[in-house]
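Note that subunit A is present in both complexes that follow, paired respectively with subunit B and with subunit C.
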Partner chain A sequence: MSATSAPIDQPRGGGGDRISTFARDNAWTLGLIGFLAVLLLFTKYVNQTYGLDSLASTATSVVPLALAAVAQAVVVLSGGIDLSVASQMALTSCVAATLMKGYPGEDVAVVIVVGVLLLGLVLGAINGALVVLTKVPDIIVTLGTSFVWAGFALLVRPAPGGSAAQWLKDLVVGPIVSGIDVIPKAAVLLVIIVAVIWIPLSRSRLGLSLYAIGSNPLAAFRSGVAVNRTKVLSYIVTGFVAAFAGLSLTASTGIGTPVPEPTYVLISIAAVVLGGVSMAGGIGGAFGPIVAVIVLQLIRDDMTFMHVDPNYGLVAQGIILIGVLMVGSLIQQRRSRA
Partner chain B sequence: MTLTATDLLLEATDVSKTYGAVVALHNVSLAVRPGEVHALMGANGAGKSTLVKILTGAVSPDSGRIVVRGRERVSHSPADARRNGLVSVYQEPAVIPDLDIRENLRLTQTAVEPFRHWLNELGLENLNLSTLSRRLPLASLRIIDLARALAIEPDVLLLDEITAALPANLTERVLEVVQQQGSNRSVIFISHRLIEIAAVCDRATVLRNGETVGVVDVAAGSEDKIVELMLGESAAALAERQDDAGAAAERRQKTPRLSLLGVSAARRLHNASFELYPGEVLGVVALEGQGQDELFDVLAGSERPTSGSLLVDGKPTSFRHPADAIRIGMVYVAADRAEALLMQRSVRENISLPFTARILQWGWINLGRERRKVDEAVDTLQIDARAGAEVRRLSGGNQQKVTIARWVASGVKTMLAFDPTRGIDIRTKTQIYVLLRDLAAAGAAILLYTSELKEIQLACDRVIVIFGGEVVAEMPAAQADEVALLRAAHNLKPGSALPEEIAASRPSDKAAVQAAIESQSATVNQS
Partner chain C sequence: MTAATGTVVRNRWLSAATWRNLLRDYPIVPLTVLLVLLVILADILSPGLVNQGWVTSIVRQATVLAILAGCQTLTMLTGGIDLSVGYVASMAGFVTATFVHQPGGWPMGVVVALVAAALAGLVSGIGVGIFKVHPLIVTLGMGLIVFGFSNVWQLQSVQTGAGVPNEIHTIGVGTLGGIPNDLIVFVPVAIVLILVLKRTGYGRMLYAIGDNPIAARLSGVRSWQVLIVLYAMSGVLAGIAGLVQSGLANTASVTLVQPYLLPSVAAAVIGGTSILGGRGGYSGTIVGALILTVLGSVLSIVLPEPWRQIVFGSIVVLVAAAYARVTAEG
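So, the complex of A and B:
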């Protein structure tokens, strides 16, 4: 359970009680943060020059991935999966970069950004409608649409290019206060986007319905939740967040790249699992996956610092991921038996 | 015929099985002679299916011995049991739907020729073995299961409710074939239909609360003895309720909250009609699979009726989704908590789910209002919510209270409670019944299906009995003692015995069996 949805669940009781309950309910996320702290110390150990500015640049570089993980988290905790997240990012990014090159102007860019976000909603709606109407398994539908969106991205931009409005680039590049490198704009933007989308969502009727259909579709149906409609909405939210991720790609690179980064889908799923979202649905939030993305990024950076052969690096990443999940599920089994 | 113990074909002694705190079987014994058809009887939850599962190796017993033809046998799986000469036909078809019949036979290494022979005997001569199983009707699948079991040539054949899904003509053939089995093969026959027991069985072992309470030689009039054994001494009522005839009459003056006129649905519910008045608790009693599940699904909006009409407060109503039923305060409490709860979510979210579920009402959940409502409901139901962050950590009784609390919090007008006390301790059970009475006293209408007959008189004002998808009896709670209910549930008319000629012409008179079947379907049709 995420920190942000905790207020609904707090039992009546004193402050101390509240803290211990909070700790128990968010044990996974807190454990992950602990793991992140250890990892940071380790990073400092293998690379003496790693300082606050390096941390800031790590934070900037993970923004698109973090948003992809949040997008994936929404659909996974609703009991689905979306393999087309990376292609949606590529398509929205290319559309934004191409339009901004074709219609330059800082004001026009605002319209373009809104339009691209709407495009995200449409892509998500198509995914959701296909899953619900065709009854084809979600993993197949979204695998299929991932090729469709990637194809459209190539039609829009046969080669990387285009441009981005200056204000859009300014949103993510550089520190928030010039001279103080500690807080990068990108990290602040990430927090704002997630707060604006996630907090209202987790507290709304839709949010509870998303958890409900992920947790137990039959119980949700019997409780009067419109299961199919909610499922479509979960894909729409995912598409919307993926469009933000695509825009952040355009903003940070200044161009649109038509071929989606294939690892984005897998990393978004790995981050969702590592971030405490149950693949069976019903459990999880947005905060855990974001921490998990940073953890995964740091592990990759450390491999580079340690001059590990990149191929072994991939092997090591996979093994670390499985190891962490094994320890986590062992702890949970122990706890539920007690 | 005199037989010593060593002549027994199958002997199970002192079989015990415990699931957690629940004792499913306690020192149960079963002795089956060669060539006999032996009935295994007991009310719902008496332990019949656990015993069958142990005999066929699906479940291993905690203790006890199983001896087949004088040799002790241990079966770890149904395949093991088959090698030991025990073959079972389960209640649900055991054929793989996506394989054709021939492939299904190959899967169980069954020879085709004997299978064909038994198919012919059972009246399914024209079956094409290349047909996909999923294209066949349920009745044919049951016959195929039986023919396959017979083709294996088992020493002991277990038939669990084989006739439940069969039309009359096939039932007749099945009963004939069961009786034709030679002296080398025994049949253990489970059926809720006493008339079939009387027609084909030689002896009956009766289970109650997981213990063997008697072995009866089946003869004329023995069905009353069997019913008596199945019930045991009725537990003293927890509290006698005054049955206020005046209040009942007054209720009847009002518009019924719910009227069903000839409602049919799925395969099992046929032409059900009854009324439910505000302020009453109406009990529903039925043996397993008589259409009660479908009835509740229709009323809760989970399933649409195929015919008939449904009036709520006098107005014709139809539901397209459970949300429609919930909107007019008609709510469903399931026996299986896993069907009703979000196990990984909190008590609070589970209770508030239905009244925040309409996602078209956009906006934030009013947390303050929600918390007040939830707290009220938690207090009313005395839910122990210390482990409230995840519902799966609560006890079964507290989980069930959560499923009821959500409807109390959202304002219930009609509660459809489907065996709400299944597997719950006696204290919580009593609390739930008191709560149902309180809701009725406050004007709600409550339809309560329960598999525990002695609780009808504790909780209900009136009771209806369903058999074969129809309402076959209705009585005030005062008359609904266990004997009356069990007789009605088996569709035996009060005071009636079996037609004498049927009992007299046993054991192997075709005509008698046919007469038995016909008289049974006739009684069903009359009521």
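So, the complex of A and C:
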């Protein structure tokens, strides 16, 4: 009965077919990249001084949000949602900044970073375990834990403060090769983090299971996928990436801020959806959301360049979010009717 | 014979299934018990706290939360959610305040604010009903749009000065014969919502769509019309909540009501409305809003802010888990 067909089980041809298969599987992301290209041209048009270095600074500024979007993408494509991403970022960021102030030293910081990443795994595991054990919808569980993590963040750091190790700050600030401003370190770091986590994951058995439980949990169960275990693992991966996002906040600001940025959750979900991940689960990837984050940021930058009240940027983001999905949904309805 | 019947009856009362059914069908009973226990706890922790002033302040805070939770209850019954209520409500309070020194005065402001709120809801409803986009996304985007426009409006009206109109401030803080004035707004809203859900065909359609959208469609429910009206209604309710809150706080800002967004979802969930749709009601939500407000008051006596948030979040998960257990086995 179900009309949903996962791209996974489509027969793959050899040679030239692979290009067209790739194009079909990634149509949304490719379209988004095309839109980004147009947007960049437009940016250049409205602001003649916009150059590669400006692009680099845009890329640097979106790193925490891009990581938050990737974290959200993992859990959404496996059929869940995580409203506690911003709180997890705040908590991990505060723990990192506080420990680094308490135990200064460049070497100790390595241990702290590893510890904070482990903390991310634990937070994700708790979220996942609660979702599976209580059978409460994901949105309610993570709504509850978003308060809990934010509370712990306030316990750790009653006020913004702390410090970050120099090497951690150096990781995200400045160009990768001094003198050439084109490639910012932050962007390279983002690509490395996502590539190291996402590419092996999406090609592994676990990755396939994530898509399977997102697409159709019952079918996944009957095909021998351990649904509950996979669900917990999806939250663990999300917590892990959110910890990276929290560390990137500490690295770029040099401190920890206990109150989570309220727009992070909303924008992370918006980016995930614009990035081609289906809210129903089972469809999408990690790269679309990253492109979407850059698009959303660039739209706001353009508003500033055009001397439009930047608040219209929010309006534009909202309209694009709803508009794109309406069109997408309309096309899908047409297709399923045909 | 009579003895046998007696045993059966007693057994029925003793069996776990009966209690489960009671909990499932009348969540308001255990919720009210919980509320009373919390109030008693508040008085034990801080003797003399529970007096008329305290009750009044609890009722005032709970009113705003309960109206917003009404938006969530209605939309959650159809399997949706309205994440735009925080910004829509703030917008309504703010717009009204900017009209105080304008032609038409604050009544004009109220009209403009509520029309804008309804319009925002209407567009959300079109997105959900006709275009079948996930309500979470539509209302999220609508929240951003409303927030953006509110900020623009703020920049343009900053020179005209903004102050909460006295009439609305009176609704927020005044009392009439010992009864807080905001009940004058809230009681009619609550009665209408409860009656609409329980006694009208429209209310039953909301349950039907949430319970089984395909069955609802096959029975002749035009879901898209129901949903458009629903989200427009949710927008108006949010606008009313924003007016009450701006009167209570005696300030108007474009983010005033936003902190109530997640608690409003929590209040509806604690009140027994399922986010999956088809189950719940507004009376439970009112008690849920009261519980959350009293809980906040109790926690503020004994715990510092961080622990308050931690306990608050844990309780939301715990109560939802209890519901999931009760309803899964029924």
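The rule is simple: the second predicted complex is superposed on the first by the 311 of 338 C-alpha atoms of A that agree within 3 Å, B and C clash if a C-alpha of one lies under 4 Å from a C-alpha of the other, contacts with A are read in each partner's own complex, and residues count from 1 in each chain.
Heads up, the rule we're going with is that contacts are C-beta pairs under 8 Å (C-beta built on N, C-alpha and C of every residue); 3 or more make two chains touch, one makes a residue touch a chain.
The model shown is predicted, which means the values in this text are computed figures rather than measured ones.
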Side-by-side fit of subunit B and subunit C on subunit A, or clash: fit
Subunit B or subunit C, by number of subunit A residues touched: C
Contacts of A:154 with subunit B and subunit C, given as first, second, both or neither: second
Partner chain(s) touched by A:135 [first = subunit B, second = subunit C, both, neither]: second
C-alpha centroid angle, subunit C to subunit B via subunit A, nearest 10°: 70
Contacts of A:218 with subunit B and subunit C, given as first, second, both or neither: first
First, second, both or neither for A:329, with subunit B first and subunit C second: second
Contacts of A:253 with subunit B and subunit C, given as first, second, both or neither: neither
Smallest separation of CA atoms, subunit C relative to subunit B, angstrom: 5
Touching both subunit B and subunit C, residues of subunit A: none
Partner subunit C, residues of subunit A touching it in the complex: 81, 83, 130, 133-137, 139-141, 143-148, 150-155, 158, 262, 266, 269-270, 273, 279-280, 309, 311-319, 321-322, 325-326, 329-330, 333
Complex interface listing, subunit B residues touching subunit A: 300, 302, 321-323, 325-327, 332, 334, 338-346, 348-349, 352-354, 356-359, 361-365, 367, 370, 375, 385-386, 388-389, 392-393, 406
Contact set on subunit A toward subunit B in their complex: 1, 7-9, 11-12, 21, 24-25, 200, 203-206, 208-209, 211-212, 215-216, 218-226, 229-230, 233, 278, 282-283, 336
Subunit A-facing residues of subunit C, complex: 81, 83, 123, 127, 131-134, 136-138, 140-149, 151-152, 155, 258, 262, 265-266, 269, 275-276, 305-317, 320-321, 323-325, 328
